[in-house]
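Labels A, B, C, D and E are assigned to the chains in the order they are written; within every chain, residues are numbered from 1.
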Amino acid sequence: MSTKKPKKSTGRLGKPGSSKKAGLPPGSLIHIGSIKTENTTIDLISYDAENFEVFTQMNGTDVLQKTLKGRKNWIKVTGLQNTKVIGELADALGLHPLLTEDILNTGQRPKAEIGEGFIFFTMKAISPSEEEGDFTTDQVSFVLREDALITFHERDLPIFDVVYNRMQIPDGRFRSSGLDYLMYALTDIMVDHYFRVMEDMAELIDASEDALMKHSSENTLVETQQIKKDLLLIRKTVFPLREALSTLIKTDSVLINPSQRTYFTDVYDHVMHIYETIENYRDLVSGLKDIYHSSVNLRMSKVMQTLTIISTIFIPLTFIVGVYGMNFDFMPELHFRFGYLAVWVVMLLITIYMIREFRKNNWL
Amino acid sequence: MSTKKPKKSTGRLGKPGSSKKAGLPPGSLIHIGSIKTENTTIDLISYDAENFEVFTQMNGTDVLQKTLKGRKNWIKVTGLQNTKVIGELADALGLHPLLTEDILNTGQRPKAEIGEGFIFFTMKAISPSEEEGDFTTDQVSFVLREDALITFHERDLPIFDVVYNRMQIPDGRFRSSGLDYLMYALTDIMVDHYFRVMEDMAELIDASEDALMKHSSENTLVETQQIKKDLLLIRKTVFPLREALSTLIKTDSVLINPSQRTYFTDVYDHVMHIYETIENYRDLVSGLKDIYHSSVNLRMSKVMQTLTIISTIFIPLTFIVGVYGMNFDFMPELHFRFGYLAVWVVMLLITIYMIREFRKNNWL
Amino acid sequence: MSTKKPKKSTGRLGKPGSSKKAGLPPGSLIHIGSIKTENTTIDLISYDAENFEVFTQMNGTDVLQKTLKGRKNWIKVTGLQNTKVIGELADALGLHPLLTEDILNTGQRPKAEIGEGFIFFTMKAISPSEEEGDFTTDQVSFVLREDALITFHERDLPIFDVVYNRMQIPDGRFRSSGLDYLMYALTDIMVDHYFRVMEDMAELIDASEDALMKHSSENTLVETQQIKKDLLLIRKTVFPLREALSTLIKTDSVLINPSQRTYFTDVYDHVMHIYETIENYRDLVSGLKDIYHSSVNLRMSKVMQTLTIISTIFIPLTFIVGVYGMNFDFMPELHFRFGYLAVWVVMLLITIYMIREFRKNNWL
Amino acid sequence: MSTKKPKKSTGRLGKPGSSKKAGLPPGSLIHIGSIKTENTTIDLISYDAENFEVFTQMNGTDVLQKTLKGRKNWIKVTGLQNTKVIGELADALGLHPLLTEDILNTGQRPKAEIGEGFIFFTMKAISPSEEEGDFTTDQVSFVLREDALITFHERDLPIFDVVYNRMQIPDGRFRSSGLDYLMYALTDIMVDHYFRVMEDMAELIDASEDALMKHSSENTLVETQQIKKDLLLIRKTVFPLREALSTLIKTDSVLINPSQRTYFTDVYDHVMHIYETIENYRDLVSGLKDIYHSSVNLRMSKVMQTLTIISTIFIPLTFIVGVYGMNFDFMPELHFRFGYLAVWVVMLLITIYMIREFRKNNWL
Amino acid sequence: MSTKKPKKSTGRLGKPGSSKKAGLPPGSLIHIGSIKTENTTIDLISYDAENFEVFTQMNGTDVLQKTLKGRKNWIKVTGLQNTKVIGELADALGLHPLLTEDILNTGQRPKAEIGEGFIFFTMKAISPSEEEGDFTTDQVSFVLREDALITFHERDLPIFDVVYNRMQIPDGRFRSSGLDYLMYALTDIMVDHYFRVMEDMAELIDASEDALMKHSSENTLVETQQIKKDLLLIRKTVFPLREALSTLIKTDSVLINPSQRTYFTDVYDHVMHIYETIENYRDLVSGLKDIYHSSVNLRMSKVMQTLTIISTIFIPLTFIVGVYGMNFDFMPELHFRFGYLAVWVVMLLITIYMIREFRKNNWL
């Protein structure tokens, strides 16, 4: 039994969140997550219909003075280790210490909170990684204010490049729309990537099903358990997101223009769609297990059948030849002219009878 | 183990939706779905109590000018590839870009949206295909306005012919009723076809059960998994439809006449009925799996029993004859007059005893 | 494997409803169901505190003129094939065509609808049939108006006789109560019969459990699947009934006297009781399957044990006697005086050792 | 297979309720339940802060005149067979016939009903019976009026003695509190006994688990099924009780003093606690089944392993000795000096090799 | 089968609560729980921005007079055996007897109650114990009043030390915040420890999965059942906590400052997070069982295969050599020159054919 240990361990699901901070005062600023970049960098993208300026490598409190009134400002905070910088920035933004904690703790449940003068929103970006069937998650937190949208993530997310590129188009929608549209666009791109991951899952389930049809190695079952884990992980990400998006849609905060609510409703529909797909996939995966078990059973049943056919034919025959191998002085058959031939005929008849019986029972 | 790969693969369930557009700006017009017709054609059916006129092969923006005030106009858009034409038509209708996107993305969840001056509604038509037990799904989107009902679908749907034929009857209900009644009739015909598909499923389940009673090939289990997948697919179609229809029923939009709401309530009841039937079928299918497993087990148990009966009778006998096949110089029994006969008698007694024991245990 | 095909097939659950009418205009009057009587007959029972008159064999529109003002009138429509008669009656009653359709389609979900001047209510009567454990369902539709209660059913229902008999008692409750009480009494008698069917189910489950304790034939599992199907069928009948009764209880229609609502609440409680019982039974039935599987497994395990014991004892002994059946020129043991005896002693010791081992492992 | 039939049959769960009355007019007074006492006796306990009087063997209508205004009166009706007496009493109390029916039908779902001038409440008392792990259920119905609390039960309930004793304490809480407190105290004592039964269940589950660890007889599975049935039975009792208690808590009837509502809320919390415990136990019981199945499987796997080891070693050896038992004229090996010894050496080497292989595979 | 009895028995889940008090008047003060300290000690921590004083070993009623107006007072009651002291203190605090009972009954469901002038809140502290994978639960009850926060627990909880230490920091948050913040901090620290326990569970699940991959001892399944039990236990603790915290968040009591509600919302989010994680873990544990069963089956299938291969090859060969061991007078083959060689060749060919067949079937 060679069971290739799958590369992802249960441990991934195993981190339920924030125990690292147990014992620290609430609101303590500790980065909880894997360190994905070396530094915390802050970029400012300041734009309006006419202008598009990018300032990189800003420092924490500085950036807020640099934001230009009248323009839309996207402050991109990449890397969460430098808790001091982030703490100062959060203070300058007037965030509650608990929200700053949520930004830094990448095991946070997706949620939205409507504050005075700002909207806080955090969700997970799931992107397929290079290895097939694998994916990575990143926590992305948003603070939407009247003058700026601040995003926090552990590393530079390539999936945001599309948005960045589109923002540079002079007459594009971004330039004329508000920061709520930018936030929607980033949210939408993340949810679109959920679909991609779901497609990968679908392919994995298909591949597992095909593999199970051909041969039932135990590896397939382990892979099935892995798919199940991944589905649970995505579900854990998607389930609270419904609630969070619903908060954004229902809010009467002026920060989200009523005309933009349609966009968030659209994202919400996509999330519902993914959620229902996850539930269906979980059902299918449990069906795969049934197929696996049944194929192991069927195989065993075939092995047993072979054994039984061979044994049932030859054991009686072996008994018969054993009889005439006995050394009794008085065994008249041994001296019959056609005794030997008769034994062969009898054995042949028995064999034919047996084979017929097997045929009748569909064993052959 | 010859496992005929079933014709439908998991892939069908596997397409969770709109990933193709990931990276494109929201509202980008891309047709997502299988191309089912070569061109996008627009037909206009303009009718009232006295008149019934059909204009075919219209082009996008043209059609709206052709609609005759005072008459009811059904604009049938068949084929979704020509996104430019559909985009222009949608703009002329004043649809939100996201709704246009929903029309073009055939993986869209059924939904209804009440806009200003229009009602948007999208659902799936399921029609049994030629191959038994198989079916195809088509997305049908409706835009209901005061002067026109616009329908969008990837191909000409034969199930709509019935409605078309009935519309031509001069004193028919259609001619005197509004466009909301036309929309209801089309919705109703689609839901009626759900029942047909459910009947096919019922026959498949029956057939599988009968097949399982007779012989338990692994194919049957694979078919069972396929039925399960199909049920999940239909459920995914029906589940959000409840919500969408409920929106139509509860709306106070003037576009749906209060007296027509009864009709939509009736459709809603049918959908509920189908939903409950799906849940029952899923239960039955899981019961089929139990029967399958048990029949494999029972079969194995019978095989084992045969082996055990044969072995248990003949192995001891073979031992006895082996004893008297030994070549010891001093084996008094060998020289007894009735030694050989005695051995046969002993063996017969043992066999009789064994058979009795088996009878007692119900093994024979 | 002789599997007696159970008399009821999945097909019963398989009819999800109204596909027969697919393609027909909504509201088309077609009787969907098994034809249970040859004709459609209409009886009128006209009664008040003093009078009790029965008119049989009325024709459709006639009956409404015969109803006597001031009296309570029960119009009993038996047989649904003559759609013309029923259509005319329904029109005369002012029923919406969709309700008429519901009356004729016996696969209709139980439902209640409060109309202007009438209450429409439809449910299923389940009555145990002659064959034990079997039952038949009939759809009963009610139209309650101020002057009359009209009931529609496919055949004369014997379970209503009790009500009919009691109505004839001059000072009985029926004579002094309104038509809402009559409707309640009919509903109540139908729900009471659900309890009877549930009792039959309980006996079937008991019998199956006892059968499983004694011997595990595959038939028992098939019966278990049948019980499951029946439970699903009843559940499908009972589940929407809760909703329908709730509508009757909550209505402020003058047709149901507030003082009568207690009665319908009582029926509702009974329906809830049945619903919970069904859920419990489903749980028990799945437990039966576990017992079945385990008893098949246990049996197989016993068969294997027998085989193993016999094989493990005799195979080594057979080897030993085989050794001394060899024909080597030089085999000193063969010529020993007590060689033959020694072999017997050795074999006896081996056998004793084996039996002890089996005892230790609880195999004997 | 000796399966001791467990003393409790499914039949207990099997009585879904009131079918005995099917065909009788609603409100017909029939006692449905097992007859537990020979007579219906009515006791009156009349008390206030100073007085405590007990009148036994009252007759139905009499008792109401005996109740002393200004005092609190507990009317205890024991035994439900004498439906005439109970009917008269119920009429005198002004109960709706349906409620009287509920009192007499001991299969009634727990429920509370707030009437004009009275509160009706019915629940089940579960008391552990002498036989370990077994318990009996009694239906207790309450009618709370301003002047009296009437309780109905099939037999004298020993669990009420505690309350009775405490009532006699002159300065006790009972004497100064109202009848609502008495009703609470009786309810509370019944719910407390649910905990006792749950503790017995916990011990049974523990015992079953321990038994399964040691040996897997089929009896254990049957016991597990029995535990499951008992849990379902208790759940059926507890589930609707939540609703009934909630009705009592939320009522604004003057019969329950707002200050007493805390008490009923406390009972409600206990009921919730029991409900959650039941759900957990059901989960555990299904886990027991898994352990059972796995231990049967493991045992079979060990049996098979033994068979395989013995067979795999001796079958080839038996073949070898068979070879040299052949009687060919020309078999040179037979005449070799060390032929016999060589065969033994070869057989020994084969045996050693086999044993090593088994060791490597962890079979030995 | 050596099954090491796991140290924790089902009994732990088995204590559903308060049966010990069955038969006692409601509100009777009995300590229900394991005795964890010898005495009941009362400590008073009195602090404000400037002061921090600790008074130990107070007696019950005394402590309330010692609380200094204007200061915040934390009254820590450790040990619940001395019911008299606790009863007096509770009376002095004006607690309802039922709440006092809840404090003393450590099997109480987590709950919050908003009283007049106080808030009562009780939950469980779960702390990992020394033994790996094990943990202990303590009930902690809070009474929050304007002048004091009283906490009740069975033993000194080390997890509160962190809070105690931080309170001593002169300019710390505690000194400037109210008692609601103290209550939050204690609640938060307990929930943070839930995460720690969940991490331990995750490691146990990982370890079980790894163990199952390597070898499938029955112990692993027993451990899996134990993990399931622990998850159920935690769920039982966490599930009602959601409700209790929700009560605290929604209350409009002045005792919890609106600005502090964010803190309790944060705890609520953590509890939701844990709850979802528990559900996921339960799913994973049931997946482990599947892997276990499949690995037992696979192993058995391999054992059977070995047996079948050996038997299928050697049983026919043994028959052949048996044939030529017969002693018939007339067996011409025995006298052929190459008879013996021919037999060997035939046997070799059979063996080669068999091995090829096995290869084809993937059995070798």
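Note that a contact is a pair of C-beta atoms (placed from the backbone, for glycine too) under 8 Å apart; a residue touches a chain by one contact, two chains touch by 3 or more.
Fair warning: this is a prediction, and the values are worked out from it, not measured in the lab.
*Asks:* Can you list every chain in contact with both chain B and chain E?
*Replies:* Under the touch definition, chain B and chain E have A as mutual neighbours.
*Asks:* How many angstrom between the C-alpha centroids of chain D and chain A?
*Replies:* The answer is 42 Å.
*Asks:* Could you state the distance in Å from the CA-based centre of chain C to that of chain D?
*Replies:* Once rounded, the distance between the two centres reads 26 Å.
*Asks:* Any chance you could list the residues of chain B touching two or more other chains?
*Replies:* Residue numbers touching two or more other chains: 293, 297, 299-300, 302, 304, 307, 311, 315, 318, 322, 325-327, 331.
*Asks:* Counting only chain pairs that touch, give me the topology of the graph as line, ring, star, complete or other.
*Replies:* Topology of touching chains reads as a ring, each chain with two neighbours.
*Asks:* Going round the ring from chain A and on to chain B first, in what order do the chains come?
*Replies:* The ring, traversed starting at chain A in the chain B direction, is A, B, C, D, E.
*Asks:* Sort out for me which residues of chain E touch chain D in the complex.
*Replies:* 1, 3, 5, 9-11, 13-19, 21-26, 96, 98, 109, 111, 215, 218, 221-222, 225, 228-229, 232, 235-236, 239-240, 289, 292-293, 296-297, 299-300, 303-304, 306-307, 310-311, 314-315, 317-318, 321-322, 324-327, 331, 333-335, 337-340, 343
*Asks:* Which residues of chain C touch chain D in their complex?
*Replies:* Against chain D, the touching part of chain C is residues 162, 166, 172-173, 184-185, 188-189, 192-193, 195-196, 198-199, 202-203, 205-206, 209-210, 213-214, 262-263, 266, 269-270, 272-274, 276-277, 280-281, 283-284, 287, 290-291, 293-295, 297-302, 304-305, 307-308, 311-312, 315-316, 318-319, 322-323, 325-331, 361-363.
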